[in-house]
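Next, two complexes with chain A in common: one pairs it with chain B, the other with chain C.
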Partner chain A sequence: MKVATDLESRDRRLGILLLLPAVVLFALLILYPFGNSLWLSFNRINTMTLASSFTGLSNYREVLSSPEFWQSLVTTMVWTVGSLVLQVGLGVAVALMLHQNLWFRSLARGLILFPYLLPMVVAVLVWKWLFNDLYGVINHLLMSAGIIAMPVDWLGSMPNAMIAIILIGGWKYFPFVVLAVLARLQTIPEQLYEAARVDGASAFARFFDITLPQLRNVLAIIVLLRAIWDFKEFDLIYMMTGGGPVSSTETLPLLVYKQAFPLMQMGKAAATAMLMMAVMSLFMVVYFRARRRFEDA
Partner chain B sequence: MRAVVRHGGDLVRQVLTWALVLALSFPLFWLISTALRPDTELFVRPPHLLPRTYTVDNFSKLLFETPFLTYFRNSAIVAISTTAFVIVIAVFAAYSLSRFRGRFSAVVERMILITYLLPSVVIFLPIYLMLSRMGLANSLPGLVVAYTTFALPFAIWLLRSFVDSVPVEIELAAMVDGASRLGAFVDVVLPQLLPGIISTALFTAILSWNEYLYALILTNSDAVKTLPPGVMTLLTSSYHIEWGLLMAASVMMSAPVILAFAFLQKHLTRGFGAGAVKG
Partner chain C sequence: MAETKQAGPGWSRRKVLKGLGVGGLAAGATIGSSVNNFAIGQSQRTVRIWTTQSAPDQVKIYRDMISEFEAKNPRIKIALELVSNDDIYPKLAAAHAAGQPPEICSNTNTAVPGALYGNKLLEPLNDVAKEIDFTPESLAAFNDGGEQFAFGAALTVITTMWVRTDLLAAEGLSVPKHWDEYTAAIKAMTKNGVYGTALPYGKGAFANRIMDMFIRQAGGDIVAPDMSVVFDNPGTHRALEFLKEIRPYSPPGANNYSFGETLNAFVTGASAIGIYSGRTLVNIWAQNPGLKDKVKAAFYAYPRDGQRYWCSGYDAYFINKGSRVNVDEAKEFTRFHYSPGPYTKFVHGAVGHNLPVVKSVAASPIYQDHPILKAHQADIDTMMAIASEAHINIKPTARHPFIYKMGDIYGSNVMAEVLQRVVVNGETPKAAAAWGQDRIAQIMKG
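After this line comes the complex of A and B, so read on.
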């Protein structure tokens, strides 16, 4: 008995020891910066000397009373919902199509994954080229189809710029949905479908009564996870439009970046970041709840 | 009759599905097709689907007349160093989280989950200030430190799922045979874990290779720029945009990533679930 407890506590000590380097790095690189960000948000920072003076909630007051912040929050919501709908719609449709037998199915699967695998810079460059107003393929196709008469300025005017980034976001991230949904589809027992077929259920009935309920949990997780990731998306939007035209595609991460670096208003940037984090934590709470519930189920 | 109808329906479905797949892959095709055509063919109306004359001029110009190779080297150095550093720490942490469950590890686990949803813009200012103070801004080691913030939680999380799938029994058996816990870990668990370690390392390297935001704020000279901000500089620094050159750069910077993913096929779902492609 004594020996066993000894072993156990030695084991526990080993467990903590192995975890220690990671925990130290966490504290230095994530906890400390997070706390520092919080502290910066209550201060005014002199950009030359980096000296700070405590100003309480004034950064928050300033941010919350600026139309810029609320505009940016709305823009973030529009972007998140728009691209999320596209990702999930396209993702589920493609997953269902790939789940059936298809000529050269593995080739199709590989091709479908590509947008997700490409570095974001590469995706941005190729779409900038496709959306190019004078020589882009998209304007050419739309013009030869008679949909538009003149080349459209895709990235420099609204609502075109928002439509463009939503389309690209949908295209870039839908394969994530495909992968997750396909994995789940493969676990639905074939007998369910056979039984329904014997009972005379149509293909539509089989989809709504069997497939969709089976996918519900995985879809809830995907939507929450993607919503969090889309909400904080920086790379795609910054590289594609830089937040423009003017600031009409300036989502919260871009606003934080603008305040922090070109404008060097560090306190304000930190306050905006904290407010953004507060909005996101709502999503996160729901996500963690859902995760726990579905893991138990 | 009925069989014919069903067969016809199947044909339509096959064709429609493939039409959608090809439409969604068009940007990829266009990327390669543009990279391989001479400048004169970029502005032809209607655009040629395939180049009339194939050329590697874009690639040779990219390699010999732009700092692309420097960017490529910097990206490789940062990706490899970040991965090596993070994996060593993550292997021990993942093993500990998987095998010794306690209050401490529960807290750590929760923290990892939260950090992998944490936006970089929430911590990037302090990281920037910290690295500047240490004299590491605008340097490759500075990038490695910054990348640890997302690479470490990711690697621990993914590796943990690999450790979980190594049966505890074999290590208990080794311990019954007189091996210490650490000995059993090194001799029994590590070899079993090797494929998982390699996969995690590749995923981590891809994450660093593709990273943009920290590279944007932490590097400002060509000598230390990595590919993502470097290639964007190629876009913005010239008077008229050289699309052929940019598409060639895109092909070159994607190639290592695509190769790595080809090795990872089996683990894609697992890796993406853990956030292998930062979104």
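After this line comes the complex of A and C, so read on.
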């Protein structure tokens, strides 16, 4: 009896010992930064000098009572939803196309990754030139075709600036959707389609009754991941518009940056970041609940 | 007698000890060598330089200067890093917050060292100042109560008005001196794919500069000599009205323009009037030489009943304070940088844009023997005349004390945002100025 107890105790100790590295890593990589950010958000801190004073919840009160935060939240939602819809729509369509027997299919599958692999700074420079008011190809083509009489200001007026960044976001990230959807498409048993054809199902019926349900799980993961990534997108928007014109494309990450560095309000920036995280967590909870209900049904 | 134990098959204790001895010697030699290398590595100090001057010719000259300096000073390694003028302030804030600022910053806006000095984050440079024959004006621009907190990297007359003489002549117009003449001229010259002017309406550093200039030309102010915030004033309203009125005569994308786009519009011939420093000449010679004889520098137009006011300034050069900053090595490089040979090459890298602040260099025949300077001496003289009347943003008039918070005001882009609120969002100048007043007051308080 005693031997068994000793053994259990030793096993428990070994278990704890084996778990320890993961716990330490978790504490270092997640808990410390989180705790530190939370602490920063309760202080008024000058970014440059790091001079600070404890102010309790006043940063949160200031942020939540400022129209800037709510406007940025709406802007972030518009950008995230717009970009996500485009990525998923384009990604699924292209994946379905690349799943067919096409000439140069392998080459096309490789090339489709190009936007995703291109460094963001290069992609932004290319698009900025395409959108350039004086020498951009887009204005030139539209003017040559007689669609517009004068060059359009793509990045300095609304809603053009938002449309432009959504288009670029969709173009840049749709290959990720293609990759994931294509992988799933290749595992759908061909017999399902053969049986449907025998039953006289049309192409649309086959897509909605077989393909889409089979893609449901992978699409759910894609939507979740891309929504998180798009929600906190910084570099593309910062380099394309800098949040302008005025603050029309200033999403929450850009607001956090503006508060932390140009305005030197590190505490306020931390409070905004914590609120941003809370919004993201809320979305995730809603998403998982909806998914569970959907699966149960 | 005790039996000799074997450490392994066929290995006697003697063999093992001998092996350990040889191994120990070899390890000792290796460690010794490593320590020696480490010591050499330790003796070499790195000096990081952030510069906003990223034109290929300038970078090449900088790298050549660095090679020459490193050859003469093997224990100092220079790391050159290119930073955008629009981003340098927030980047420096982040670098100071992280305790890792670069040793040297070169060619930043004057407000940047002002803000850093206000936060006691700059090394005093009085000792170096004594060794170099700087122009007194360039020293005074960065001297507060006897403390030399920065130098002028060069004199840069950023608000020079560049005009296309051929387009003006075609309309029978002369160079506009006042806002009414300017408005008439740009209206007349906006035709055939050419825009009358190109002003930076983008939310960035250049829009802050032009706001500063137009507000003061219209009789306004931002922070009064008693340090009260007076941004919401009739001068600001008038400047905003004017900038809104002339917006249609700038290219359609001007709401996103900063330094590069504004310069390109004039150099490529897309605008008839430009605003920039002498880099305009450098770029015209390199990219559009057909315009060489069709451009002229002038004082930027101001209201007939307003103030003669222009922002120019010394692009700043300074050494950051910090526990990891190699101050002595940075000063060593600074002495080299401003010595006649290297400094002449430096200003020749963007001749006319970087006007020398070292007296002996400005007067030297080697500096003056440059084709652009010879061909455009009248334009250089005009820029020098503008500079002699112009002011720097941290000390906007003789009545003002140094306003160190001007770095924060510029860095926040609040003036550029006020401009966009009027031009893009259609807010009234009064409402936008009131918003700006509130923002600037918060900055001054913080």
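The criterion applied here is as follows: the second predicted complex is superposed on the first by the 248 of 297 C-alpha atoms of A that agree within 3 Å, B and C clash if a C-alpha of one lies under 4 Å from a C-alpha of the other, contacts with A are read in each partner's own complex, and residues count from 1 in each chain.
What we mean here is this: a contact is a pair of C-beta atoms (placed from the backbone, for glycine too) under 8 Å apart; a residue touches a chain by one contact, two chains touch by 3 or more.
As the structure is a computational prediction, the values presented were derived from the model and not from experiment.
Considered on the superposed chain A, chain B and chain C are sterically incompatible, since they clash. Using the contact criterion defined above for the overlaid structures, shared-chain residue A:L50 touches chain B and also reaches chain C. By the document's definition of touching, of the two partners only chain B reaches A:L130; chain C does not.
Judged by the touch definition given at the top, the superposed model places A:M266 against both chain B and chain C.
Touched residues of chain A were counted for both chain B and chain C, and B has more of them. Shared-chain residue A:F288: touches chain B; no touch with chain C. Looking at the shared chain after the overlay, A:L117 reaches chain B, while chain C stays out of its contact range. After overlaying the two complexes on the shared chain, residue contacts for A:S157 are found with chain C alone; chain B is out of touch. In the superposed pair of complexes, A:H99 makes contact with neither chain B nor chain C.
Touched by chain B in one complex and by chain C in the other are residues 50, 132, 134-135, 257, 260-261, 266 of chain A.
Contact residues on chain A toward chain C in their complex (touch as defined above): 46-50, 132-135, 150-158, 241-247, 257-258, 260-266. Contacts from chain A toward chain B in the complex involve residues 11-12, 14-16, 18-19, 21-23, 25-26, 29-30, 32-34, 36-37, 40, 50, 94, 97-98, 100, 102-103, 108, 111-123, 125-130, 132, 134-135, 137, 140, 144, 171, 173, 176, 179-180, 183, 226, 228-235, 238-239, 253, 256-257, 260-261, 266, 269-270, 273-274, 276-277, 280, 284, 287-288. Here chain C touches chain A in the complex through residues 89-94, 96-97, 115-116, 119-121, 201-204, 251-257, 264-265, 268, 270, 408, 411-413, 417, 420-421, 424-425, 443, 446, going by the rule given at the top. Within the complex formed with chain A, the residues of chain B that make contact are 13-14, 17-18, 20-22, 24-25, 27-28, 30-31, 34, 42-43, 45-47, 89-90, 92-93, 95-97, 99-100, 102, 104-105, 108, 111, 113-115, 117-127, 129-130, 145, 148-149, 152-153, 156, 181-182, 209-210, 212-213, 217, 227-228, 231-232, 235, 243, 246-247, 249-250, 253-254, 257-258, 261, 268-269, 272-273, 277-279.
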